[in-house]
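Encoded as structure tokens, here's the structure I'll be asking about.
Each chain gets a letter, A, B and C, in the order it is written, and its residues are counted from 1.
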Amino acid sequence: MSDSPIIEVQHITKRFKGLTAVKDVSFSIKEGAITGMIGPNGAGKSTTFNMICGYYPPTEGQIFFRGQDITSKKAHEYTNMKIARTFQIMKPLKNLSVLENVMASAYFGHAAAKNEREAKEKAMEVLQFTGLYEKRHVISKDMGTPDQKRLEMARALVTSPELLFLDENMAGLNPAETEAAIQLIRKINESGVTIFLIEHIMQAVVSLCEEVIVLHHGEKIAEGTPEQVMNDPYVMEVYLGTKKEDAAHA
Amino acid sequence: MAEKKRAVRIYHRNLAMVLGLILLVFILIPVFVKSPYVLNVFVLVFYMSTLSMAWNLLGGMTGQNSLGHAAYMGLGAYACCLLITKTGANPWLAAIFGMVVVGLVAGIIFYPCFILKGPYFTLVSIAFGEALRQFIINSSFFGRASGIGLPFGKDSWLDFRFGSKVPYYYVGLIMVLGVYLLMKKIERSRMGYALRTIREDEDAAAAIGINPTRYKIMAVVVSAMVAALVGFFYASYIRYIDPELMVQAKSTESVLPAVVGGAAYVEGPLVGGLIMIPLSEFLRAKYSAILPGINMLMYAVALLAVIRFRPAGILGWYMHSNVKTFIDTKLLRKPSVDVLEEVELAQYHKEEV
Amino acid sequence: MSTFLQACVNGLLMGGFYSLMGMGQNVIFGVMKIVNFCHGEMLMVGMYLTYILWSVCGLDPYLCVPIVAVLMFCLGGLIQHTLITPSLGTKSFTNLLFLTVGLGLLLSNGALVLFGSEYRTITTAYSQTNIGLGPVTLPLPRLISFGVLIVISVALFAFLKYSTTGKQIRAVSQNSVGAEVVGINTKKIYILTYGLGTALAGVAGALLTGFYTIFPTAGASFGFRALIVVVVGGLGSIPGAFLAGIFLGLLETMVALFISPSYSDLIVFVTFIVILVVRQTVIIRRK
């Protein structure tokens, strides 16, 4: 684990027809760590996330992956660079089994399977790792939210990423399911995958992340360890602030 | 383990027997059925099902609802006929020529069109088909509205020209089987998984490293080439083509077998074709002289009934029915998925050792 | 010069029908996001209804317009309730597409069974009346039809903009879930919308009968042109649809005048493809 950042975001700004969704945000993601991004609804988290993942180009600013400028890379080129992501709204192949879903992903990325057998073997491995092995023959649309979230992760993991982006992977889970998801994310990180996640659930962020970035109204307002961030007066204000203070910052 | 292996072997044997039996029936039909009318219906089933499979690759598997497949078929037929009549080329070579031309045209024309999603893609495919038809009607090179005829002559395999319907029956059968195997192969390949991921969600597809545009172009090119092959077959069979071949209604007809059979399945167009085309022909023969339009009216009612009450098509319904469970367990003796998988994985290990 | 002016007027008069068809399609597409592939057949049904009312009851075709509108509204509502709404639940675009295609087949072949394939016309006392206006001649039926459809277009625009139901329709077309949350009965709006779209097509058919032949596939070319109008005029925009329809009518007559009548379809379709692709490219670039 080196100290050099795996991702470096420099002054990115995104404007949609005059509305500035993200304004001059810079931060870096440490290799091997779990970094979190938090912020109230509409803070620009997803926009930032989508820019880093190549879904839309930033209006201004640059993004570097291991020193290489990836600002203009297309979304589909990311798994070849060993970067994978999940979606907040699960997007499985609804009518295929869990195994087939993971196999579909195994065919792509930098370590793409060359044939059906290789795809199946890789898929089986990831299914065991993510705890979906027993349910591999279930049709994915028939599964509950927790398992679908797991499937999202399995589909990303089977492309053998070194950097994994997780978009609200615990939204809609109950405390026990959240705990299981936290365990899984930690396990993925321990296997050597750097993780960057957006999360609303504070418990998860505090227990997982080494570093946290806080966005509010499209701007970065704090970063540091979870303790530092949680004790930051402005962050407390944003999260727990009264009406008057909210108005002052709007 | 040995027992499980035996169970799987028995299942595979049973499956092969049933499929072999079905194939045997189709091979033997012309031996026992001499009526040209009935044979014609079968030839129609073969080429319409093939065209529908071509559509299904793009529509069913990739989720791009094209309504312009008659244009690919027509363009393929025109390319073949023009090469034959203008240069005297061999029809089989002309078939390859036609497929290449149509593949290129589809790839180039649709490259910019794939930024259009959902209904807009459908609209552009209709407009493309109509524009092509209007172009042909206005072009003396293409023979304008009067079309092109292929020369008649002695029966010959070299020229793919026969008085009897039997050779067309067998070539049609080979075509439908070949295209079916190709589609099955694509479904289980990297391309098949890519296409189905794109159908579900293009963003999710891009996230795992699929270039949606590239795979959609691949799908449209393969689909158009198969349609061109059907066009060649049609032209050789009917020996006359005109722009009517490419009207909008023909594109619609080419999709119906897939929708009725079940567009999510490679076999859907075959099942739909085997049911809908004989039905349509039967209604036409029986009623169209008495009351014009009644055949298509009943056809439309059948279509609406399937969409309204069996939205996943006939196969979609079958896949979740007790009939399938009965056939699988009682007739084919299909072992459980776990047993099948265990044996498959064991097979892998044996190959490794 | 006079032929040019005459062509302009002809294009304008025909374009009005494309506008009216486009507006109906626009409302349906806007609210349910489905392409109504039987829109042209609905026009044809409107024509035959007018024909029946004229030949059986002896009604003047223009007096038939309100009756046809009501009948078509009921037909559309019925189709929506029994066929389309249940299929909306499957969320399968392919199925919805072929549902309307199947309806089109049903209607055009139903007409063939009932009326046969012969061409029918409605003749009135003023069928052959022409009005001279400088260098151009205006057939009276076309002129009346055009006037009526302008009135209908304005009424439709006002209805969608100011009435409560119109506002509800626009709300559903922007966000059906949101509309449901604020208490709008979306199923009812669907029925109203499809009924309204169908009625507009039927009215267009009724207005056409004064000078157009009636046959089972009379609606086909209007059906596709309605789609062009929706796409070119912009989703949800009634003035846009109106202008696009006029533009399409003028384009057709200009091509016929300056190039050749046989090229008008080709150029219409190619223009359509180019507009679609260019517009989408611009949208993506802007993102």
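Note that a contact is a pair of C-beta atoms (placed from the backbone, for glycine too) under 8 Å apart; a residue touches a chain by one contact, two chains touch by 3 or more.
What you see is a predicted model; the values in this text were computed from it and never measured.
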Chains linked by the largest number of contacting C-beta pairs: B-C
Distance-maximising chain from chain A - centres being C-alpha averages: C
Most central chain, judged by mean C-alpha position against the global CA mean: B
Chain centre separation (chain A, chain B; CA means) in Å: 41
CA centroid of chain A to CA centroid of chain C, Å: 48
Interchain centroid distance [CA atoms averaged], chain B/chain C, Å: 34
Chain C - residues contacting chain B, complex: 29, 33-35, 83, 86-87, 90, 92-95, 97-99, 101-103, 105-106, 109-113, 116-117, 216, 220, 224, 227-228, 231, 260, 262-263, 265-266, 269-270, 272-273, 276-277, 280-281, 284
Residues on chain B engaged by chain A in the complex (per definition of touch): 188-190, 193-194, 196-197, 200-201, 203-212, 264, 337-338, 345, 348
Interface residues, chain B side, partner chain C - complex: 59-60, 63, 65, 67, 112-113, 115-116, 118-120, 122-124, 126-128, 130-131, 134-135, 137-138, 248, 252, 255-256, 259, 263, 291-294, 296-297, 299-301, 303-304, 307-308, 311
Partner chain B, residues of chain A touching it in the complex: 53-55, 74-80, 84-87, 91-96, 100, 103-105, 107-109, 112, 116-117, 121, 124, 137, 155-156, 159
